[in-house]
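What follows is a set of structures for review.
Both complexes below contain chain A, partnered by chain B and then by chain C.
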Partner chain A sequence: MNDDDAREKNDSSVISRRDLLRTAGAAGAAALVPHSIAAAAPAEAIEAGAAALPGPSIATAPAPTGPLMNLTARETEILSAMVDRLIPSDELGPGALEAGALRFIDRALSEAESDSAGAYRSGLAALDRYSHYSRGAAFVELSATDQDSVLIDLQTGGATGANVGFVGSSGSFFNMVKSHTWQGTFGDPHYGGNVDFIGWDLIGYPGVRLQVSEEDQRALEADELTPVRRSAYDYATFRADQ
Partner chain B sequence: MATQLRGTDVVIVGLGAAGGVAAYPLAEAGLDVVGLEAGTWLDRRDFAPDEIRNNYRDWPMLIDKCEQERPTSRATSETTARRVGSHPMMNAVGGTSLHYWAQSWRLNPWDFRVVSETTRRYGRSRVPLGSTVEDWPFGYEELEPFYDRVEREVGVSGQAGNVRGAIDGRGNQFEGARAREFPMPPLRWTAFNERMAEAARAHGWHPFPGPAAINTERYQGRRGCGYHGFCSKGGCPIDAKNATHLTTIPKAVDTGNLRVVTQAHVTTVQVDADGRVTGVNYVSGGTEYFQPAKVVLLASYTYENVRMLLLSKSNAYPDGLANNRGQVGRHYLSHHQGAGVTALFPYDLDAWYGLPAQGVAVDDWADDNFDHTDLDFIGGGNLWAMSDRRPISAAGMSTFGRGRNWGSAWKRFIRENSDRSHYFYIQKTTLPYEDNYLDLDPGVTDPLGLPVIRITGQYKKNELALAAFMQDRAVEWYQKAGATEIVRGGLGNSMGASTHAYGGTRMGDDAETNVVDRWGFSHEAPNLGVLGASVMGTSGARNPTLTAQALSWRTAQHLVESWSDIAE
Partner chain C sequence: MLTGVLMPRDYSPDGRNVSPPLTWRGLPEGTRQIAVLCQDHGAGRPPPWVHWIIYNIPGNATGLPEGVPFDPSERMPDEIAGATQGNNGWGLPMYRGPAPPGTSLHHYHFAVFALDTELDLPPGLTRDELLEAIEGHVIGLGSMVPLYQRQPSGNGPQFPS
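Up next, the complex of A and B:
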């Protein structure tokens, strides 16, 4: 048992994450409350060039519990497990699932990334076949350690030659999911990810501001700049109804 | 049959960085100008600071002509050209100046005289074999008044280093003499920028802030930069970036003499039996129009300018307009900006609210600012320590060999290091060669069925030796600033598509080796002008836009002054 396994056993958040899996990776609450805090951004303050006011943090809305739009329950389960290993929830804090990366990907597959839907379907099926072929069980049934070693095989292209159905290199599929997971964790909450600014908190990004004064920059350098918690689209300039 | 429109004096194909500048002096002089632009107007409300849209998805473009015309590329003529990656050109009024980095450099005097200066100092044999490089038909001094004019009309911030020969140590001591200071002071420096400047000085180098078409104080009624951090491939939500849709295009519209036609997709330039151009055909909303004009100025991107000429075949020009000597597409080069170096520092760089035009430049190793006697290359590179970071790309940073780039161990790494990496792309002198060129791809077409441009281009020995030399200087700089990990990128091979693409319609006095004359007008079709970096024969070690804009203004002014000779 390695460190990751030990953490799994002791981490109370495991239960909530399992719940997430069962409810098809429910997160993305921010996407459902796009305008709830926008009113807090006085347009005239922005227009006058004042430093952005720190906004209130987005209230926790009930998580959507329905299935994903673009993936079956089985595909969702596999993708959830993969995303969960890419950026796990651990003692450093929540991970990609909690940040809503799964909901982000699902929405992206309906919109900007619709061309990738087929690659997700075939890639997830191939991942599961490779898991059976190389580790003797479905991906979601594997221990965290075994899941990681399967994902390393995918990333390095090592799973390509197993003839389990990867289109091109298994590394292409891995990189696609990783890229979208990063967008869904560290991108603007407008797209359904980065719930509660989980991603920005992890890397210490102090948030979207339209005006950063010299004083703000010096405060950042002194580690004294208060993070702004808002989406770009919470600023009046960019609201759809303006 | 195309619908015939009312004639105009001048039609400009493309209202971007170059065409958007030329429109103003023409309209101001009272000429009737029609500006045909494939894209639409966009404004600050379209420019949300949104990394997903700007850097990972498509821009808010209604028209994506440039994406459909994306070139194919290959290193040499022995291989098959393929379409790879994307190309961040922009279809909109203002063009790519809407979302470019806005670095607004003048070329240095050496860049205009590479052949004669190299010959004078080191001998003719030091000009690399196979290179088709020529001196420009004029020197820096000829272009200086136009640089000066554009810096004021568009709005460029910076620190002068040489005002009429008086050297100012705060600016670039290697720059050509300028008539006066910049109209605005430079972008501010962060603590990390200051630290890099200090490290450069410790090497005996001469650091200075770079020039930018970005307001640093209220200028022409618009605000100074907000340093919001989304300038790379991002439009400015407070109109502080001086894209032409905010500067020269509105000024031209205000004269009453510029008519902007958006969503106009120009397909061909028409000519008469004498070989003079008569106007252009364009498609808009499924209808084809013919816009007659006394003078046509091509002002789209390098690939599109060349493509338009090659597609416009006629009895007078069977191999493409202005190409009876086979020079269209030749002398192509894309700026060698790669062969970068990446570093990891043991301290935060506080770069979240920077922009790529904000930083510390070092020109000690650029152009011929150092002795090349014992070196195996000519030219040099500009070192640039910018301040630029966004969250998704920060989280995607290199782990510098410290384990895999995902998982719990990675989370610990990224929490500590997300704001501690830095990258030098290095812009270097790049030369044109016999076997680097643009032509029409034999197999790939756009949705109208017209072939796209094929790039055949490879960096040669001179560029690769220079790249290795510049990486050494970059490593020295990072070491002095305290970097704990330093990684060199590859030296480069295939040129590929670039945002710094030069040549293809090169400017020069010799009609046998150049497409346009010293004023930017075709040697063959006298009432056809070409604007943009496609007329430039050398790259220098810095961004091309300001030079393309200065040349555009100069071409436009020449047209005004020589109207009867050119147009009638």
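Up next, the complex of A and C:
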């Protein structure tokens, strides 16, 4: 994919995401959980300029379970292993799988990223063929080190010439999955990833704030600022349906 | 792995893509440290394309074991304790083996530099930065030029889907 294609794709996904909000807000409301209301203490909410909060959070619905909508069991297994290596659960905290990136991607494949469904299908099959060809086993059966090595080969394009069925460069497939994994881990929980704000906690993001007081700034510099764990769409300002 | 001979596929992305084992002998007296560079003069814009840079190798080392860790948090083997990797052509501090386009045959130049001093070089140096850092300290140079060629298209692996 060249830069123009990438830009065009990004633009179109932004538009479709905005369209999505209108329906997602309504659908999300059905899945409200009580703990989301208590996620931020009242005092904290005021500090964060959240006086205009539109009621309960739509961000922290429990992660759905059960089979994925757009990926087969085999594809799910391979993508799950890949996502797990991109942001593994380790001493720094939970990783992309715990943050719900897998389900975020699956959902996106029938929504904003529906154009990418074919690329996932062919890319995951090629990844598995490449693992067999170069490392002698299915991707999910490899050690973490070998999985990382395989993914680096994808990233650097080394898997491209192995004739295992990557469409274009293996690097394009790698970058697509990496980008979606990042979105599903660090994006606003409103979109279905970043479950329990795992991604924001990982990077120490202080949270969406409409106002930042002097005390907040001092606390941030002293690394003592209590993060706001609330979706941007819990603020009236950012709600698409307002 | 020898000069003028195709290298085993395990040192390429057609195999495990681990770094190859290297041995050297006859280091000049006074060798205090060693640096190794692997590059392809037939690739890169401009050439060469760098596949591997490793330095801060102790002067008494007699080679590099196969599969030097690519994860910076992983310990280097005892015999090359302190060894550090620089950034290759992909900007990654690790060995990445040859994957020449199509069925072209490429030459991979491994160079071993014997240095007269113990430099404490930071990780992630580029080829130019390394060459600049060791300038004036090189008291010996060894090289080996194995080849690599990928399988012709159409003979790729077939697996049940």
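By definition in this document, the second predicted complex is superposed on the first by the 172 of 242 C-alpha atoms of A that agree within 3 Å, B and C clash if a C-alpha of one lies under 4 Å from a C-alpha of the other, contacts with A are read in each partner's own complex, and residues count from 1 in each chain.
In this section, a residue touches a chain if its C-beta (ideal position, glycine included) is under 8 Å from a C-beta of that chain, and two chains touch if they have at least 3 such contacts.
Everything numeric in this text was worked out from a predicted model, so none of it was measured.
Once the two complexes are overlaid through chain A, chain B and chain C fit side by side, free of any clash as defined at the top of the document.
By the touch criterion defined above, A:D84 reaches neither chain B nor chain C. When the shared chain is aligned, chain B comes close enough to touch A:F238, but chain C does not.
By the document's definition of touching, neither partner reaches A:D196: not chain B, not chain C. When the shared chain is aligned, chain C comes close enough to touch A:G157, but chain B does not.
Once the two complexes are laid over each other on the shared chain, residue contacts for A:R129 go to chain C alone; chain B is not touched.
Between chain B and chain C, it is B that contacts the larger number of residues in chain A. In the superposition on chain A, contact of A:T145 is made with chain C only, not with chain B. Between chain B and chain C, the smallest C-alpha to C-alpha distance in the superposed model amounts to 5 Å. Of the residues of chain A, those at positions 148, 152, 155 touch chain B in one of the two structures and chain C in the other. Taken together, the chain C residues at the contact with chain A in this complex read 12-18, 70-71, 90, 92, 94, 96-97, 99-102, 150-151, 153-157, 159, 161. Contacts from chain A toward chain C in the complex involve residues 125, 128-129, 132-135, 145-146, 148-149, 152-153, 155-164. Against chain B, the residues of chain A that register as touching in their complex are 3-4, 7, 49, 85-88, 90, 92, 95, 112, 148, 151-152, 155, 178-179, 182-183, 185-188, 190-191, 199-200, 202-206, 208-212, 214, 216-217, 220-221, 232-233, 235, 237-238, 242.
Those residues of chain B lying in contact with chain A across their complex are 44-45, 48-52, 56-58, 188, 190-191, 223, 226-229, 237-238, 348, 350, 352-353, 391-392, 394-396, 404-408, 411-412, 414-415, 418-419.
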